[in-house]
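I have placed the structure first, in the form of structure tokens, so that the comments after it can refer back to it.
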């Protein structure tokens, strides 16, 4: 049975990694590209097979045991995989989107000297991502979890000779690590509470527990912290925009479509635990909402095309967390899928633009590319519409499902969330308009070289555009005549789906959001096409809000002053004062004291016989005194 | 005649020896002339001799006096050696002042 | 008895051989004499003979005789081209050393205070002279005079002590004194106590324990190196044997009385010896201070009197003796090459003389008390002994001092191996080689397999 | 079979002798000896039954009068350390191939001599023998560091030596005390286990032992000898110190501290854990701003060892097993790190982070292998470091949650300083100095590849190692807890 | 009257010994020392130790003191040219001495032993009696003291004779 071959899915990319890694300098680029992409394709094919097999199988949960990994005392951690609807669908996304991006990369990275290295890293990433998805326990998941962090590190710092890129990579890794500590502690809690880290042992037990249990709440909180790091939520989100230092396909694959959604995947996977911790769910919702809004506000004024997309990713992830927080696991996961399509698409389009403009990323130097890059333009338009949430594109369905649940949960939150959605529409269209409309604002010399990207890049764009456009079909709500296939599919894993609003309310909600989005687009149109507004240069004066937005609310600076600098200062203090002066000083003090004692004591040996005899007499007197006193 | 002279308490002999012994010690402590210091040491030895004799008489045991004899032998030997050392030192330093001898120190 | 006779006869033969200018024969005669006496030591083993009630050749005495004779033998081997350089009177030197050895044999075997006294004085008088045999050398003169004056002074106290004990017990015989103590435990004459203390002082002086140690560094530094070797090894061993015989046996019933001052002496000795040694620049003087500190460790055996005390001293003394002989032997060679005995003269020694450096290193490790050398076993036994009474703080104090010891013993290792310096190549005569090899073998053998010596006495 | 252990212990001594006499071929002889030892050790592993018994026991009377025996044997815990020693020694010797040390025969002979001492420490079942091995391992390393070290070596090593020996002398004090308490008057470990000491006695023996072991590991605040010594030592010396020597302290705690004075551990163990945790955070923070890479790794080592020590004192299977595997992992990783730094400093004559940069461009192989080693050090899952740290943290977590939180900071801080170092050395622009850098070759490559392979293999399949020690570890913990419950 | 002789002689001993150490001229010191030794001889006679009295007279006053004088004269030290120790040192020395005597006597608790010295055997100190003792039990130390004297002799010769250069 094909499901038992699931270990091939991660293994094949690993083999690809090894071949490409070892042959990165010897194999030809086309061979590397071929190997790199085809291994993912094979995985994809197997994944499809698994998906279909699972669909046909009555048993929706298969555990495939490979070998015992760690065991110590009562702790047994096998390396085993879990194939169930959730992981099966994630497999499809990871390998599918991954494959497209591999194809795209062949064109995008063609002239880069690190071509082989790049493909090997990408393969490695897919391997870890699949491990994360497939793991049947938290620890195997954690391997993938950290492994993708590593690949993210490697790929962000791909052009390592630029030390600010390398710093961005390090920042990403360290911020992830902060979350990982939470994850790890959560796992410890799980182990002590449930006596196992296996999903199949934990969830049945969790199902029997009462909501509001403080241990469960703590576990949920810790896992959420882990997810925050990986999925770039407040306050750990600042690494993601910096991660744009990596090559664009990386941004598309890792920092939009797959890795950053790992947090959502993990929470969705643990939905039974989170259901038992309403307080934490509430916190998740608030954090998600705040992230969504803050990132959206920042995105409003960004001028780097990739930064806009990055913040939009953060913002969208915020929506997903909002969904998770209100119990709309299906909605959140639905959004993961659609987001994977359209955000990958958007990034790849942006990459195509950047590629065409020879690594120009500042939108202030773009404009009027509509004609020059027609395919890119159209696909990007589709992506933008999808993310803005206009029907019938995919984003509309997933976002509205989340919003509908939020509405039921809390009206105020819903209001803010919808407002955020308007902002999304605004900044996305702002980006589109600035890039493709108006006149070209770069140099004339550069203008002549602009050309549409090669086929290897445009084909993935087209495929993704199609997916972005029609991807919503898997979750058309009943209100719109669908039957929400996705939630049925996921029902073995996600039992609690939250109640949906009645159809009338849902229609109203949809209407509100569609109208609002259209208005936002209109405003953007007015501002950037009618008025031909171009974002001000860096040093221009801005209003307070614009300034905050432009400077990303000074998050980096705040972290720098509140954490990094004090830590470095403490470090220097510890080293120079505490360690060298106090701790070592005490040790040296013994040595110093002895030496000084020696210097002083040897003076007693004055060389003078009279003195010697005097000292002897003193000694004799003392001893006789002792005798006198002791008798 | 000696019979009549007995009757001195033993502790008076001890007192006397102790005092003369101490005088010897004081001599060693206060003088710088090696020969005088040496003489002070002889004084100390003699006080011991006296005490030994007194004990010997008191205990009615001749071995004490034999021991005195050994001490005298030692004294003779020491004087021979000691004075030759002093002479040797004097030849080199033209002095018998012990304070001159302070090259070896610390 | 035959041991002393052999040694004195040898001394006299040597003296006459000197008169007849038979210079070449001196060393062989001496060595033969010493070897014969060693044979006597071996043959008298377990016989436990008493001579005239004055000397008791028990195993204790024999063991210490053996070690002192062996040490002297090694030192005689080192006389090769040492004395010849500046004197005609080698025969006299040899005679004096042998006489001193005779005194030492008496010291380790006495059964009567008069013998103790005679033994100590024979040894001391010979040493006063030997310290000064470099007649034109100021340092040697000074050492001799200082030693003499202070020695004579301390003799006074020793004698006063003996006198008081005699006054209290009416006898010089150790057994009688001991019986007196046991018999009149409740009514011991008040004269006895200061007598014990004064003897403690006198013997402390002889073994160089603080605060009666002041002569040690100066005399050791000023005396000719070979004589220093003799003083710091053989003489010191003998001093401890004498100490032990008196205090561990005869005065044992008064242990509670003399223990506190002894502990005070031990602590001061350890502290002064180690701490002062730390700052020395002169290797010889450092060894002098180190010998003071070793006196402190050796006195541990008296802190807790047990059946093993004597044997522990024997092990320690053996370890100390052979390690010191190595140190001094190398020092002599280095001084002959470089002209001084500072640590600096050892700089870079290991480069040209790897084996000599290795031997000296082992000696230093032994003195410092690193495992697998005899010195460690010695220290260990001492600690073990004292821990038996749970004098934990004393041991802890000793350990702290041992740490300081590591520091200064390693100074010479540091100089030899880690410092750049005058790359002299030492001339190692055959006899020196023999002594070094034997000493190192003994040091290591006792360190690895001390069982041979552990239950000797 | 017993002869196997004797052979294992004394073969390096023989090797040392031959090496010392073999002139220019010393390094090859030493390598052969080390490889034979490794083969022996592997043979031993194959013949080892992974249960809680002590196997390959040899017991000869040595110094009968003092109750000292040559009593040695191997259980799972020892097996790990034996494996560690015998795997790392050949690597270290091979890693020294690139240097032309003066009087190299002495150098390699000392390494082998030390190996022998280490093996005695790791197998002895007699306290006195343990102490002998303890010191016998110290002397060679002192000479290695002081003869072939940097320019400040004399002072630094003297401090190291006196400091560590201070600890061991206090341990000796404790051992003598135990010996005297032991009615059989010997140093047999089993007899020590069976002693019934009251908690005051246990308390001070705990400290006598703990200080010795803490200095060796080193645990805060006994660590100040370590950064300087690591910095000044020659590469092989640093590797020996950090890779194997500090495991002596850990092993000592496991073998000699926990089972002998359980109530002492109960009363004072929390202090030990807190010190360890302080060490983790403190050393990590200090490592942030270190300018010298070797010193940085030295501080990181303090942090890692702090975690191991905390895991041991947590007294549970996970912590202890974590300590086991982490001993091995840390040994491999730290040797790797120091080797990488040695390669750099032997080419560029500096380890100052600020002077380096962009080496990855010049030496991709070095950069990749170094990255793998760094990943192992920061405990990335899939590398050996993760297994250890995970289990250790879990062990500590079961002891106390908050302590685990602080201990867990190591995974964040570790990433910060390690990647900071890696970035500043390997990444960025190549500068005038590093432009001359040539990539690794020959023996360097072999060593690096072996280390990387070990890192990954142990990370993916640690089971054989975990199995090796599991039964012994559980036996030990049972032993301790039983003794505790019988006291209470 | 009997005991008063002792006290008289004892006083003289103390006075003369004090003069030994306090007279500036070493020659005077020697002379005072001779006198002191003479008083000791008297003490021996009082104690009926005639042999010792004679030996003391011969050995100390006859041999040793002459040797001292001889050396003093040889070295031409008959003037009081000894650079004296400072007053402070002297005072400290005297104080230390006082302390010594106090502690010594105090620790002896000498007052406890106040029984008078009675000569029970009038022949005790006679030559015949002592000879038996000396050549009986104490023969060994007596013989061995010859080594002492011999070595002193060798040493004295060795140290004082001029080196042949």
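Quick notes on this structure:
Just so it is clear, A, B, C, D and E label the chains in written order, and each chain counts residues from 1 on its own.
Here is the rule we use: a contact is a pair of C-beta atoms (placed from the backbone, for glycine too) under 8 Å apart; a residue touches a chain by one contact, two chains touch by 3 or more.
Remember, it's a predicted structure, so these values are computed and weren't measured experimentally.
With contact taken as defined at the outset, chain B and chain D are each touched by A, C.
By number of C-beta pairs in contact, chains B-E lead all other pairings.
Centrality annotation: D (chain centre taken as mean Cα position, compared with the mean over all protein Cα atoms).
When chain centres are set by their Cα atoms, the one at the greatest distance from chain B is A.
Among the remaining chains, the Cα-based centre furthest from that of chain D is the centre of E.
Centres computed as Cα averages put chain C at a distance of 43 Å from chain D. In whole angstrom, the spacing between the mean C-alpha positions of chain A and chain B is 98. As a whole-number value, the distance joining the C-alpha centres of chain A and chain E reads 102 Å. If each chain is reduced to the centroid of its CA atoms, chain C and chain E end up 31 Å from each other. Looking at chain D, residues 162 sit in touch with two or more other chains.
Chain B has residues 14, 21, 24-25, 28-29, 32, 38, 58, 63, 66, 70, 74, 77-78, 81, 85-86, 88, 98-99, 101-105 in contact with two or more other chains.
The residues of chain A that reach two or more other chains are 602, 605, 607, 609-610, 613-614, 617-618, 620, 624, 627, 631, listed in rising order.
Here, these are the chain pairs in contact: A-B, A-C, A-D, A-E, B-C, B-E, C-D, C-E. For chain D in complex with chain A, the touching residues are 159, 162-163, 220-221, 223-225, 282, 285-290, 316-318, 321-322, 357-358, 360-361, 375, 380-382, 386-387, 390-391, 393-394, 397-398, 401, 404-405, 408-409, 411-412, 415-416, 419-420, 423, 426-430, 460-463, 466, 470, 474.
By the touch rule above, chain C contacts chain A in their complex via residues 145-146, 149-150, 153-154, 157, 190, 193-194, 197-198, 200-201, 205, 210-212, 214-215, 217-218, 257, 260-261, 272, 275-280, 404, 407. Listing the residues of chain C that touch chain B in their complex gives 113-114, 117-118, 121, 125, 128-129, 132, 135-136, 138-139, 141-146, 148-149, 152-153, 155-156, 159-160, 162-164, 166-167, 170-172, 191, 217-219, 221-222.
The touching residues of chain D, counted against chain C in their complex, run 62-66, 103, 106, 131-132, 135-136, 139, 143, 146-147, 153-154, 158, 161-162, 165-166, 169-170, 172-173, 176-177, 179-180. Here chain E touches chain C in the complex through residues 104, 107-109, 112-113, 137-141, 144-145, 147-148, 150-152, 154-155, 157-159, 163-164, going by the rule given at the top.
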